[in-house]
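Structures for review follow.
First subunit A sits with subunit B, and in the next complex the same chain sits with subunit C.
Right, the complex of A and B next:
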């Protein structure tokens, strides 16, 4: 019998499949294309489809022909060490495989790779006449920066209105935000439930929920509220029953300090759980503080969009800010989620993480947190194979006495 | 290649460009003037000059190894300019500066500050300046706010007052210097210029490593000398433009010029990008004039998503004006910022029939040796025959 967790996983997984190239190209309505995570409530309320070419590229790395695709991406001649998800996105673009958008919105967030993709999109000859809007994500997290980012998002709305000749329905935007706040609240509730020892449900549901909620075609629909409520009620029941993840004897809880990537959850995390009882209690796509959107005024709404853009988008949170900010997050997660260790994939192409390794290692040493740095590509398993990653993690847990 | 310039000023520039600490800086220090380092050309030197200090562009001149910096920056993923520059910091070669401002350009550059703060290489004043990634009135306004904050922090820490008068005076001085530097560049419009590309790099690098007034006077002298010199007739096989990030070493121009070519122009952070345009002198707010200049007039960094059309135009304009036969896009390994830009530029130059050679290299001078064959083949191809 299929249990509720498997059902939920299938439902979200099916929807996430829609982020691949072909379904993206087939999505209806005016089509806005970005290089990153645009503030999703806006297109949802405006009623246009929005696609993030980075995510489409990332999904490409999970296709059966991923290796071939990545090689083709390298052959285009873009910087060879750039993030592989972005390389594939660049390839899709350069090969003429992406549907021509009606509007392009780009920003520098979250990392240097994003700039390359953004620049490529903005200068792509066949799209020369497509209207383009560029945003500047500052590397700061204070009120002034949130207001600044909010103002740009507000300008983006005006730009959309001009391009499409149709006004934003502000009541609809509020409705979407109310729904979005509710869903974020549910995601946070699931995070709370994950704190229980043993962890009651596969912690990866946070990541799945986040992606389902924010990136898929169903984004911010009541269907997702329903999905999240089912997840929470099933998880609460397991907490009450003091049950851990089905079939797993939990031994180690660790922070995967990076996005999940495409192959690790499928080919590494499952094996770690099954064979070692080691669970990724938190990864960087799951982690978000998700403060509610302030609906008291239009200005307040956009400032909170700005704040969430800079601080709560997973990639922006890990990349845009200072090393101290990054380290504080690690410590907070380790404390709140009772992590026994931190694993830093040190994904190639993530210049931010790769510029912080010594500081993070030293901090972990000082605090007595076992820490392993891998040096892998979270989108290309040929760089460090799942077997090698598994062996290294296993040896690390053994030498630190965690298993 | 050497043109055989006989000039005290030029000799002085060469010495200054070839090392980090130099006699002019020492003289300043001895006279009690403070030195403020900066890592990116978006940091306005004018602000530092108006604070009564000497701006010094932090660079990695002559570095052979990144040394301990590789503990901080993963060597396989971070560009060598960052690693070697920070290596110099850790090696105490920047101990003479009284403070540093880190420009928040690319990801690696931003983290120089974080790592510096945590490293044993302590420095009293360490600050950052965020660089906008789009060019419009809103981003220029935000950058103005950043500059204003930085100004206050400099004033507070060093106990100085940066008045508008001092800022306008620094702006005039730097504008004058940029104009003279452009005049120097203009000499290579001719078929047989009195100065080579390699030599020009040294002159420009020296400009960010010594007091501006002294530099201006020496540069004026050099220009006079160059205008009077009798240049022996030479035939160059190809006129080359170099585009890319901040190369302060002359190794690539050296190779081009040893192979019979001539580097006639460049768009790099130690060249064409810093001498571009002028800060407007007619407004009421000098800080706003600086912000507008950096964000709206010369947004040459590809970290800025509005930059490409400006970079593109400049490369095309200069290629035409300086009769460029081919462009060398020179990128440091792992630099996505310029890697992406050169990729785009290559497509556009190709469409326009201008050949581009893309070179990826480490930032050490000896890394160019192995590229010689490629440069030679490029020059042969564009000059239409064997050298």
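Right, the complex of A and C next:
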């Protein structure tokens, strides 16, 4: 019998399949292309497609021919240490495989590889006449920065209106934001439930829920609200019944301080759960800090968008700001979610995180938190194989006495 | 005089301002820490979780308004140890409600220094340390739930203030005095508090910058100086900038 969690996983997984190249190229309506998270409520309310080429590239690394794609990308001459997901995105672009967009919107971002992709999109000759809007994201998190970023997002709306010759329906945007606020509260509710020991449901539903809610064709739709409600009801029941993840005896809870990537959730996390009872309670894509959009005025709404963009988009939160900020989040997650250890995958393309390894390691030592740094490619399992990663993590848990 | 004393001195003015606007202000002095609390306090006091259906009261939902700050001083005389001030409705008056929430923690200790800032700020992460009280993990400000069970056992904001004091004093022997102010009256009342909190935050961020600098990390840059290949170039630029500033 298929239980509710399997059904939810299949439903979201099917929708996430639409983020691959071919379905993205077949997106309906005006086609806006970007190099990162645009504020998704805007295209959802405007009624245009928004395709994030970074995500499309990342999805490419999950394809059966991923290794071949990655190798072809390297042959195009991209920098060797560039994030592999972005290498694939660059390859898609350079090989002429991406549908010509009606508009491009990019921003300088937390990730140098994403910046490279943005520059490539903006200078790609066959798309020379495509209208382009470039946002400037400040590397700070104060009210002034949110206002500054919000103003640019507002200007992006005006730009879209000019390009497509159609005005934004502000009532529709408000409706979308009301629904989005509700869904964000539900995502945060699920996050809180992960504090229960044993963890009542696969914690990776946070990441899945976030991606389903923000990235897919069904984004910010009533189906997502239903999906989240079902997830929370089923999980709350397991908390009341003091049950953990079905079929798993929880022994170790740990923080995976990195993006999940494509192969680790499939080929590593499941095995760690099954064989060692070790649960990835949180990864940094899952750590939700979403503040409801302030709907009191248009200005307040866009300032909220700015805050969300700079501080609450998971990757921007972890990579755009200071080491102090990064470390504080680790400590808060470890304490709140009762993590026994921190594993830093040290993805080769994430230079920002990698520059902080020494500091994080020292901090964990000071606080008595077992910490393991791996050094893998979360998009290409040839760099460190799932078996090697498993063995290293197992040895780490054994030597620290966690198993 | 320490860095946050000005902000601490603004807190009584803020409380008086709200009193003069007719807000209900309740002031109480907590008994010594040795007197037992009506709820368990300490690591593992409960699951750290209060489910939606078990919630008596929600505090600081961002839609209702939330603001919190921790201010510390090396002049303990500025802090009235054990005092808990509540402005607005208390737990028993708010069954099923979602109230705005302001939380000010004033901490005093002769030996407290800027270097203690990090520890004091981390003490604000409550986790599973107060029975029936869950602080959500998603925000800088406090967004929390009080469970029906503890509300019926007599949990009040004074209880919360006492519990926080117990946890803080257990967390650092340098803390001699701790005073707590809670605001639940209105979102508007949190605005003035937000100004004080912002000033405090600017100072604590600067303290963090200096603390990290001493560890070899420059927060103005996201890289770790000790392992950065560009450190020499960066130092040269800083030196040149310094010369230009002093020349102008």
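We take it that the second predicted complex is superposed on the first by the 403 of 403 C-alpha atoms of A that agree within 3 Å, B and C clash if a C-alpha of one lies under 4 Å from a C-alpha of the other, contacts with A are read in each partner's own complex, and residues count from 1 in each chain.
We take it that a contact is a pair of C-beta atoms (placed from the backbone, for glycine too) under 8 Å apart; a residue touches a chain by one contact, two chains touch by 3 or more.
None of the values given here were measured: they were computed from a predicted structure.
Asker: Using the superposition on subunit A, decide if subunit B and subunit C clash or fit.
Answerer: Overlaying the two complexes on subunit A (C-alpha atoms) leaves subunit C and subunit B clashing.
Asker: A:67 in the overlay: touching subunit B, subunit C, both, or neither? Say first, second, both or neither.
Answerer: Neither partner.
Asker: Considering only the touch criterion stated at the top, classify A:7 as touching first (subunit B), second (subunit C), both, or neither.
Answerer: Neither partner.
Asker: Regarding the shared-chain residue A:113, is it in contact with subunit B (first), subunit C (second), both, or neither?
Answerer: first
Asker: More residues of subunit A are touched by which partner: subunit B or subunit C?
Answerer: Touching more of subunit A: B.
Asker: Taking the superposition on A as described, I'd like to know which of subunit B and subunit C A:333 touches: first, second, both or neither.
Answerer: Only subunit C; A:333 stays clear of subunit B.
Asker: With both complexes superposed on chain A, which partner does A:237 reach: first (subunit B), second (subunit C), both or neither?
Answerer: neither
Asker: Could you tell me if A:322 is touching subunit B, subunit C, both of them or neither one (first, second, both, neither)?
Answerer: both
Asker: Tell me the contact category for A:388 with respect to subunit B and subunit C: first, second, both or neither.
Answerer: The answer is neither, since A:388 touches no partner chain.
Asker: Scan A:355 for contacts with subunit B and subunit C and give back first, second, both or neither.
Answerer: both
Asker: For subunit A, give the residues common to its interface with subunit B and its interface with subunit C.
Answerer: Subunit A residues touching both partners: 139, 319, 322-324, 352, 355-359, 362.
Asker: Flag every residue of subunit C that touches subunit A in the complex, lowest number first.
Answerer: 47-49, 51-53, 62-63, 121-122, 125, 127-128, 134-139, 198, 208-209, 212, 215, 217, 219, 222-224, 226-228
Asker: Residue numbers of subunit A touching subunit B in their complex, please.
Answerer: Its residues touching subunit B are 76-79, 81-82, 106-108, 111-113, 115-116, 118-120, 122-123, 125, 134-140, 144, 148, 151-152, 155, 319, 322-324, 346, 348-352, 354-359, 362, 375.
Asker: Applying the document's contact rule, which stretches of subunit B touch subunit A when the two form their complex?
Answerer: 71-74, 76-78, 82, 104, 106-108, 110-111, 114-115, 118, 130, 132-134, 136, 138-139, 142, 145, 302-308, 331, 333-337, 339-341, 343-344, 346-348, 358
Asker: Quick check: in the complex, which residue numbers of subunit A touch subunit C?
Answerer: 139, 143, 181, 188-189, 191-193, 195-197, 236, 239-240, 287-292, 319, 321-324, 328, 331-333, 335-338, 352, 355-359, 362
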